[in-house]
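Scrolling down, you'll hit the structures one after another.
Same chain, two partners: chain A is paired with chain B first, then with chain C.
So, the complex of A and B:
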């Protein structure tokens, strides 16, 4: 069923997957720089996925193929069963919310409130529903004090939360967060942490590109590791962070607590801990057993 | 005992058009060659503290300042920022915003040109500064073609060319990948240990500060609320938590075990210390 001058892939498929990529390849238009080489990836609906790797490894290109900002040079990308190549950026934006690392790239309204209302209004959400979503976001992100401010009058960290909130109010079924915790203090990182959990509980697929390993260790169920335009590992954070060879070749660092676990309880049959609480519990049970 | 390189005496500062002070009753001494980490929530006054060391606050940003700041023996109030730049260099989290020239050499030379340094001295200083940050041979490269870590090191070279005694880094790696982060902190440590440069770094990642800093300053609501050696500061985890801050994961581990009565001895602040203590607790021989 090849269409003339086009590709031979079905425009829509029946699938339970949020994302289905097959051999997705992307070469920048000058034909010189390969940014993504034949990536296969399946992401289930409601999954919490972390994407790690050095700058230039292909992370951003991968995510831009999902919201259709880029079209694969070859291979296919299906998002919610829709072949992205056959859709407009506008159409895909109702499915995929993209939160930029730098909020200055996405904010433009006159007040924080306008900013939060803009997205849902743009996709035709009823006014009553918009008001509800904005109120919920203002409460969750603790933005009440800034609601009438110009987005550029608030501090950079708050602006970044506004950027995240303005996508959340659109309720896309897939949310991509690009370095959400960069430049954020511990308190704000906690808000982002609980946001990701809550979104996933509501069935939203969350894809988080980040260098913040402790954040990913705590929140995501699955991590893909990118290097030189390819996915070189795809496993649970526990497995990824325990793979010292992988960490070394990608120059990535596991959370401090994981490294401590690997050099203490792990050789004794203990867990590859991802949080201090988990490691402490294991050590305490060993000490208590020793006393008996 | 030498004089402090940075001396704050009862400093208050309020930005123009705001009611509450961004800095409140700051008294602080930093000795030459110290490596100081500054932590605190966003809005606690960390950046303002940094900007007041070289006089950008208040001389360029306006506002009202009270109290005395003496840096490198000079009263900041009496000298313009361009004079203070010879003593204090500052880099921020966005190196690409600080890049304006066609080549790395020109980028580094910019401050020297503005200071009216002669050509030969300038060329020597540029090479020295590039060497210090590990970018030797990059003179003719374009700053825009560099990796994030290299750009940040170039921004640091540009301030080092002025031969400052104090280097302030304000969240220097928050936009860098892990390799870039290692590059920048590794380089700052060399400058501190090998050349005795005073380093002040504002940073959220406490694991990094625990690794490198001699002293931690904790800010909250424009005030310095804690000030001491990393081990001392991070062992006060409950107080830090009340301020919305966290401790290194190594320290958090010891604190949890301590509450269950399982921790003896000093509190670890880095991976090595925690591993040794835990293995000793478990009776594992290294």
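So, the complex of A and C:
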């Protein structure tokens, strides 16, 4: 339901973009901490976007503006063409799913199944569809063995998957993952990796805030770099991670493989590797050429 | 008002005259304040004490955070007035003010409602001002100087330090649940919000106890502290002066017949009592109905 706000901005705009942010500025209520300074950002529907930056650079504030957990102090934030300031968090939750870093902050139900049904019920999804979505999530996340378990009785990696699945069952058109791989084992990280790809294939916009550079290098197609509450770079992961000056000024670390490639094969020419597979293929091809 | 901002119970940094007072006089003030508040029935003393606490808050620069706590006084005060007018905590016979259907309203209870409210307000305000102007470690040090057992002292200090952590946790949990379409208020929000907070609290306490034991907690011998707070002459003056005034007030009002309880000397007009009752019932009813409405409202 579109509502007329008290400001000059239209409550709804025609746009093909998932996110359109113009001059978004956020100052914490005490008025002393500026968390975001005039950020402009456009994210296409179905895009896989990574957000990186040091702690306190404004990454979480940026993403919390999208589902209206925070309201910009000035500037506008449109999500799916809707002005977020005119909506409640509950209204925005049908559009933007937010997976918090710590699953313990959201799990409360008596069983994993109840937990997966909580979100869709809140946004008024019909019962039949809830059952279908839960079944699909259980299959994808391999949760069948835990469906009747209490969420706090399963291991932490499984709990993390339950937390993500409980947002995925709401089928939002945009999903924000805050540090999805922190503290996770290899298998869970692989599941998260394929989840992100699959969501994007299905047309969901995925925004991943992470310090896990290898994960981002492997999955996302675009990276924005934040520093001191501003976006200072916006490019493909290959361009961002190859920019050693950028990594240095932001105190970020490119994936180890990229660093090895930069120090060894890159000076000889050719593309920069982001994954072990790419580097192995590059070396193999150079060796092959050398033999010839 | 969100849950996490409802009770400011952590220290608010500052260098005011109240911040600089040694914790021992502060503890002494609170103890005597509570004793005085819960023994006297003189509403002038009680509300004078509340005003003194407000003055302390202004001096300490913590008036605004203290106002947040004042929100809690509204439902408590209105319920006290409404209930006391319906059933006074005074000796019978009670003075009937009005009969509305099967409900009888009594005039005697109004004074006692003000006394009970005055006790809560004065004790709560001063305690909060002292907590907001004292570093938890200084409080810990003060208690250890007062020979409070180390374990008990540690528990108290940890509790005070963990309150803001849990308040932040409640904020995070509410954000997480609201992001899944949950209403952020009302009874419907209680279970999804408080289960994660309780579970988090238990886990945190378990981890903390293991961490403490692994760092030698419980070992015998004298304990040292990183922070040292020197006792200045002013602190002695504040402590002894404050205690003397309050004990003197107590002794004086006990010795002067009629000063300890002014219920016989002060009478409120039926109109005042009825209007206060009406306002209190309206406020208290609105709080209950508002909470119920929010719980059942469809999102």
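By our rule, the second predicted complex is superposed on the first by the 287 of 292 C-alpha atoms of A that agree within 3 Å, B and C clash if a C-alpha of one lies under 4 Å from a C-alpha of the other, contacts with A are read in each partner's own complex, and residues count from 1 in each chain.
Criterion: a residue touches a chain if its C-beta (ideal position, glycine included) is under 8 Å from a C-beta of that chain, and two chains touch if they have at least 3 such contacts.
All values derive from a computational prediction rather than experimental measurement.
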Figure out whether A:286 sits in contact with chain B (first) or chain C (second), or with both, or with neither. first
Answer with first, second, both or neither: which of chain B and chain C does A:55 touch in the superposed model? first
Give one of first, second, both or neither to describe whether A:107 is in contact with chain B, with chain C, with both, or with none. second
Chosen between chain B and chain C, the partner touching more chain A residues is B
Taking the superposition on A as described, I'd like to know which of chain B and chain C A:245 touches: first, second, both or neither. neither
In the overlaid three-chain picture, which partner chain does A:157 touch, first (chain B) or second (chain C), both, or neither? first
State whether A:32 touches chain B only (first), chain C only (second), both chains, or neither. neither
Touching A:93, do we find chain B (first), chain C (second), both, or neither? second
Please give the residue numbers of chain A that touch chain C in the complex, ascending. 64, 67, 69, 89-90, 93-94, 96-98, 100, 102, 104-108, 118-119, 122-124, 152, 166-167, 170
Would you tell me which residues of chain A are touching chain B in their complex? 54-56, 101, 155-158, 182-188, 211, 214, 251-253, 255-257, 259-260, 263-265, 268, 275-277, 279-280, 283-284, 286-287, 290
If we count contacts the way the header does, which residues on chain B are in touch with chain A in the complex? 40-43, 93, 147-148, 171, 174-182, 204, 207, 244-246, 248-250, 252-253, 256-257, 260, 262, 270-271, 274-275, 278-279, 281-284
Quick one: which bits of chain C touch chain A in the complex? Just the residue numbers, please. 169, 172-173, 175-184, 191-193, 195-196, 199-200, 203, 299
